[in-house]
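In structure tokens below, several structures.
Two complexes come next, and they have one chain in common, chain A, joined by chain B in the first and chain C in the second.
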Partner chain A sequence: MAAKKTAPKKSAPSTPSASSASKRSDRDALTLGKIEKLARQALAQATKGGNPALDIRTRTLSNVSFNEKKRIIELGDRTQSREFFNVAMARKFMQTMLVASGCKTLIGEDKTVSIRQMFYMTKHTLPGSSENTFDDQSESDPIIEDLEVGIDALREELHLFANRRGLVVGKLVVNDAGDEIDLARMGRGGWGIPSICEPGHLAFVRNAAEFILLVEKQAVWHRLNEDRFWEKHNCILLTSEGQAARGARRLLQRMATELKLPIYVLVDNDPWGLYIYSVLKQGSINLAYESMRMAVPNVRFLGMSAFDYKKFAMPPAAEIKLTKEDITRAEQMKAYPWFKDAKWQREIQATIDNGFKMEVDALLTKRISFITDEYIPKKLRDRDYLQ
Partner chain B sequence: MPKSKKDAPSLEQPEQPEPEPAQPKRRATAESMATRQREISVSEFFTKNRHLLGFDNPAKALLTTIKEAVDNSLDACEEAGILPDILVEIHETGAAAKAGDGTTGAGAGGTSGAPAGSSRFRVVVEDNGPGIVKAQIPKIFAKLLYGSKFHRLKQSRGQQGIGISAAGLYGQLTTGKPVVITSKTAKGRPAFRIHLRIDTKRNQPDVFSEETVDWAKDHGTRVEIELVAAYRGGRTGVQEYLEQTVVANPHMALAYVSPKGERLEFPRVTSDLPREAQEIKPHPHGVELGMLHTMLSDSGGESVKDALVESFSRVSPAVAAQICKMARVSPKTAADRIQGEDLERLHKALGEVKVMAPPATAVVPIGEELLIAGLKRRYSNAEFYASTTRPPSVYRGNPFVVEVGLAFGGDLPLDEAADIMRFANRVPLQYQPKACAISESVYQTNWRGYDLQQPKGGLPVAPMAVAVHLASVWVPFTSEAKEAVAHYDELLREMKLAVQECGRKLAAHVRARAHAQREEKRRSLFERYIPEVAAAISAILDLPKDKIEKPFFAALPNFVRFADEPGTPPDGAPPAAAAPNDAPTPPPPPAAARGGKGGKGKASPRGEQLELI
Partner chain C sequence: MAAKKTAPKKSAPSTPSASSASKRSDRDALTLGKIEKLARQALAQATKGGNPALDIRTRTLSNVSFNEKKRIIELGDRTQSREFFNVAMARKFMQTMLVASGCKTLIGEDKTVSIRQMFYMTKHTLPGSSENTFDDQSESDPIIEDLEVGIDALREELHLFANRRGLVVGKLVVNDAGDEIDLARMGRGGWGIPSICEPGHLAFVRNAAEFILLVEKQAVWHRLNEDRFWEKHNCILLTSEGQAARGARRLLQRMATELKLPIYVLVDNDPWGLYIYSVLKQGSINLAYESMRMAVPNVRFLGMSAFDYKKFAMPPAAEIKLTKEDITRAEQMKAYPWFKDAKWQREIQATIDNGFKMEVDALLTKRISFITDEYIPKKLRDRDYLQ
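What follows is the complex of A and B.
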């Protein structure tokens, strides 16, 4: 095992209670200042007879780049000026201001709402028309992201959160908003990862784990938990339940840096599974501005690998034929700068050459607990992973 | 012909196998024909040719009768320099079935069996014109082919001298009733009322009765004709004719009483009489061979050269000499002795010789301003009017002018083909649109180029009425019915140019309107969002909402072109006052200088504004 044993931490400042509350209000003051600056600028521009505008960094593929040194996806400097007196942008400008005002209210009242609730907070019909400020949440979500990059504030700092997703169980004790939680005593359900995992809200109290295993699928996590894999192997067992939400990614990064544990990822053997790994590792295009806080560049790809089919003598029943889409997606991934390494090219090409994909669940073609007592232990033992 | 065919039915096909060599049997001999040769009575002629004269059906008969009388009134007033005041009344006097009350016409063919839906009407047309000398009245109203306009080249509505007497004859043939004419030539003179009939055998007037009456009018003529007819609405109806006449004659005041007793009044909109058209001599380029022969024969022993100078416009002695040379005719030859090949060569030379165009003073257009004034009488609520009067041009030696006016938008019907009005010397043409060069010029114009819809090869579909007027000393109609203008290249070209010129004026308006609509949309969008943005900013900065709304509304005119401010900067152009975002300078006053309008809810007075003539 690569992991060095980390001494259980009992440090006082890691408790998110009274002291962190003052830290939080400092951050709130800072965020408020940013929101006010935005409003004041718009007003000043209008007062001069000019066009009130917000500069927002463009969140498109053409404005992200892969930083070879840090090994993360970064947002470029290209910005778009969102002007009020411009028919194409006026509505979005208005919406951005509404969300900013909503966030100011949340900070003032020290409350936190979901992005869906923010949609309802700011949705109303414009007087004298049938037009709504927002038609549905798919319209307000990007506006929130715009505000985040526009004033350089984190979602948490705006007192917003997305729906939580992801479960943990394992040899770790955390403090969540003042409650100490032993993740080794979570029964079958596990601990739900909160959407805000910032230091002011969450702290690691004691760690006895030697590594972290993240699985893509809840069912696989359930299998491993029932088999008490984490107990036997002294680890933290995590599922992202599909594409990792911000909370899970932030938690993973903090675990990686604060607990200094190696992280292994187990996803399906198909381009989509690999992309989940890729986002954990170096960030996504849409949230490229958050990569710094969320990417874990040294996360390890444990499986499933295209080569596992032979290695574990999988039966043909484990195969699912690749679709045209799968192949196109695989080719796209081969072209990503962060998969340029020969080992990755070989791995992706092997899937294409196999002509089939495999789900982690397919390991049950062997035995119910094959994954727990044979597949993962062997891969860990053989240091059979990519990074 | 059909008759003789019946007499000898089988002999027309010599190819048919015959037992003995056929010696074609003569169908008629000079003697047998002589028994059938006799004078044709005008009523017979009329009955056979009434389609040529506009009396082919009862509805058209009513229109033609009114039209002939009104055209005459207008011609007479203009010639006398009087602003026309015209009254038209149509009274329904009874069912048509009682028409055939033993009069000569009843059996004369066709007209007696009045078609269903027709009825008996009395038409009254009264003017304030110069009146008619008593002695002339019978001939004018009860003799076919009698008039003052046939023997001259001068722009007028009437040309042939058939019009009004044909209407009178039709009335007489269908109802047996005489034509009643009242006329007075000056203040203080008596007014005469004359009842007239046409002696159809001799084409001679037959004065039925005559009396002196009191007439409040200083001068004028009143024509009353009773006839079997049908009153119809629509494009070929009487009311359409009158309304179109109102468009082309803005100097005319008209009162109209319909058969239902409704009274329509169109006061005149200008006191300017059309300039008097000058009578001109024929131009050498347009003369026809027969006409040339008549002109030379009538010259009373002059030399050809002198006769040419005398009879034609723009022919100087030098030009006449050249014509003779081209025709290889001695200039000294007596004109009335020119004939045969000489005549033909002379005719050819006249057509080819280089001469000045005929004087344009012979043509009197309505004029751009008055055409619009005329359109406004009929389409008073349109949103835009435009007109174009082309410079004079020439076809076949005849000077002419084309002008086009149009009314657009307002309460004109959307999504319908545009209304096309055709005029020849200010007279509406209501029949045969498909055969008319004027319609052709509208069809051939690409209205899509002016941002209107136009189905392929069709009329533009738009809330629009188009008036095309051809003014000329001689209007080339496709037939004697004077219903459609013939397709002369020169005419069609000028018509198209006029339509296009007017269309371009319209396009400028349509585009400006579309732009104004876009701007209006932009403005209302910003006006809708400003209160939202202001509310948000006021919540963030803890400032009163109106303090924030105000500068936003003040800045708005810098980005929207208001309909009533044509000088403001165009779409999205940053105003000069715009400065870097964070410059904490105090606000300069541009917004206030613009009148600081709080644009919200402000109605722009666009209705009046957009009438760009």
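What follows is the complex of A and C.
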């Protein structure tokens, strides 16, 4: 087993829900402080007769770079000022204050809402006019991102969330909203990964897992769960159900740092699978300002590798011809600084040379549980992964 | 409370997992029998020197009708013969036998796979040719539907599933794959509704709920779950996460018939929301052959109704202007035989007359928990729903 052995953690003697709640209120106090500071600064400038302004780091491609040392995609320091007494900026200034105020209410009431619900919370028609504070969610979403960057708080800390996705089972007991949940007793259903996996909301109670396996596809997760892979191999089994949602990414990062478990990722052998892995690992350009708290630079790429076709003597039925778009995407991948290492160049080139892609599901061309009792165990045993 | 009171059911003294397993093997034996009968008939015809053939009910619009008495959309009796010695049909005949054989293997090994995985299980290149048994999943999916109709077995009984969606919490204990799962202790995560919710796979152990509330949107479910609505109102809280997947529909139907609980559905006030409700209630044209086991004719439409705007004094911020497409879709809805009743005509017309649609999320324009402590309780109290 390639996984590092970790002693199971015992639960603390204090009740986890109480400690959860106090951790949450600490963090909430911190976030509230940031929101209030923002408001106080604007007010101070206004009462001095000045021009209230916010400095927000620019979220454009030119302000994003790959930090070679930390191995994550980061947002640079260039900022943009947003002034109240400026026709082009006044609307956004007002909107930022509205969203900040909405978040303050949420924290005060200890509630969380979706970013669409925040749009409705802050949308209204300005008295004596037909002007709406927001016309569309496409206006409020960037304001939320501005606020996150502006006061350096994750949207989850602002009690906001986007749509969730992902399921988990395995040898871990968590506490969420006061419920102690044994992820080893979830049947075939699995526990839905919440949108907000911040400390204080979600706590790890007892861990008996030695590693984490994340698979891209729901049906692959089902196959492994039905075969009780996580029981036999003492692990935690997650599916991101495609590109990982923020909740799943935060959960993964917290597991990596707090439980100190190695993480293996199993995606389809195609450029999209590699992209899913890459976002887990170093973050994305869109969310560069949050890589620090979302990226997990040491996740391991278990497969599917382009070399698995020969290694596991796959039949031609496993092949799906590459499209022109796949090849273009693969060439783009090769140019990314985080894939410049020879081993990655070799891996990506091998897919192009194969001329075909392969889905993890294609392992069923061998037999139903080949993935569970042969493919993954062999990859782990041989330490056959990239990082 | 509009919900009918139901005494909590006590768990049977026998261990649920054992009884689950025996129920499953009974049902599996039945399905195996159907597959074997199909194979034996084909073999008998072939050994007699005849032309092996399958009669399969036609799944076309012209063979689908609304059964006024049962209140479900049904498949008619017109059939189509599929012959082995017929150039146009031989390939499909062979494919049907391959899928049937794959399902026999699945049942034998007591495993379940996705319809994509079944594609891979049965895809191979015919020896001595470059001919594939299946070129694409778009070839195998209709064959699976043929088999379902041909031998009268749900795909779940054939151990196959499509993608799953949906989460559940509430006052119910279930047993799934031998794990006893208390849906009242799921934190904010909820239990992921499995793809296969057939008896034998999933059993109800103890129910303390008085009704079921299904909401279309994940974020609405989150709002109600965070507010512990299901605890205060003794119910089961489900989200279908959009159009309900087969697992969620089967779970709902089993809850309706076995737990005898009334079901309330809360969707957006737009034609798409009404369509989601309508599929839950009388089935869909595409899956007409499965309405009997999937449709729940007595689900109640709790909202959002077009009349809720005035009833709850909603602000203009809750409105979203109807598009031309919305209006066309609403007019189509009015023409459906299952919506011909005056109360439905009035409801659909009211949306058209309003000129706007409303999302359930729009209730947050009032206040964060308006939906939990005012909107739903009032609707239930006033028995303000359509059926």
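Just so we're on the same page, the second predicted complex is superposed on the first by the 342 of 387 C-alpha atoms of A that agree within 3 Å, B and C clash if a C-alpha of one lies under 4 Å from a C-alpha of the other, contacts with A are read in each partner's own complex, and residues count from 1 in each chain.
The rule is simple: a residue touches a chain if its C-beta (ideal position, glycine included) is under 8 Å from a C-beta of that chain, and two chains touch if they have at least 3 such contacts.
Just so it is clear, the structure is predicted and the values come from calculations on it, not from any experiment.
**Q** Quick one: chain B or chain C, who's touching more of chain A?
**A** Ranking chain B and chain C by residues of chain A touched puts C first.
**Q** Please work out whether A:132 is in contact with chain B alone, chain C alone, both, or neither, and reply first, second, both or neither.
**A** The second partner, chain C, only.
**Q** Touching A:177, do we find chain B (first), chain C (second), both, or neither?
**A** Touch status of A:177: second partner only.
**Q** Using the touch definition from the top, say if A:256 reaches chain B (first), chain C (second), both or neither.
**A** neither
**Q** Answer with first, second, both or neither: which of chain B and chain C does A:107 touch in the superposed model?
**A** Touch partners of A:107: none, neither chain B nor chain C.
**Q** Using the touch definition from the top, say if A:248 reaches chain B (first), chain C (second), both or neither.
**A** Neither partner.
**Q** Shared contact residues on chain A for chain B and chain C?
**A** The overlap between the chain B and chain C interfaces on chain A comprises residues 105.
**Q** Along chain B, where are the residues that touch chain A in the complex?
**A** Chain B reaches chain A through residues 521-522, 525-526, 528-529, 531-533, 535-537, 539-541, 548, 551-552, 554-556, 558-560, 572, 574-575, 577-579, 581-585, 587-588, 590-591.
**Q** Going by the contact rule at the top, pick out the chain C residues touching chain A in the complex.
**A** 105-106, 109, 111-114, 116-117, 120-121, 123-125, 132, 161, 163-164, 167, 174-181, 185-196, 201-202, 218-219, 222-223, 226-227, 315-318, 359, 361-365, 368-369
**Q** Quick check: in the complex, which residue numbers of chain A touch chain B?
**A** Residues 35-36, 38-53, 84-87, 90-91, 93-94, 97-98, 100-101, 104-105, 126-129, 131, 133.
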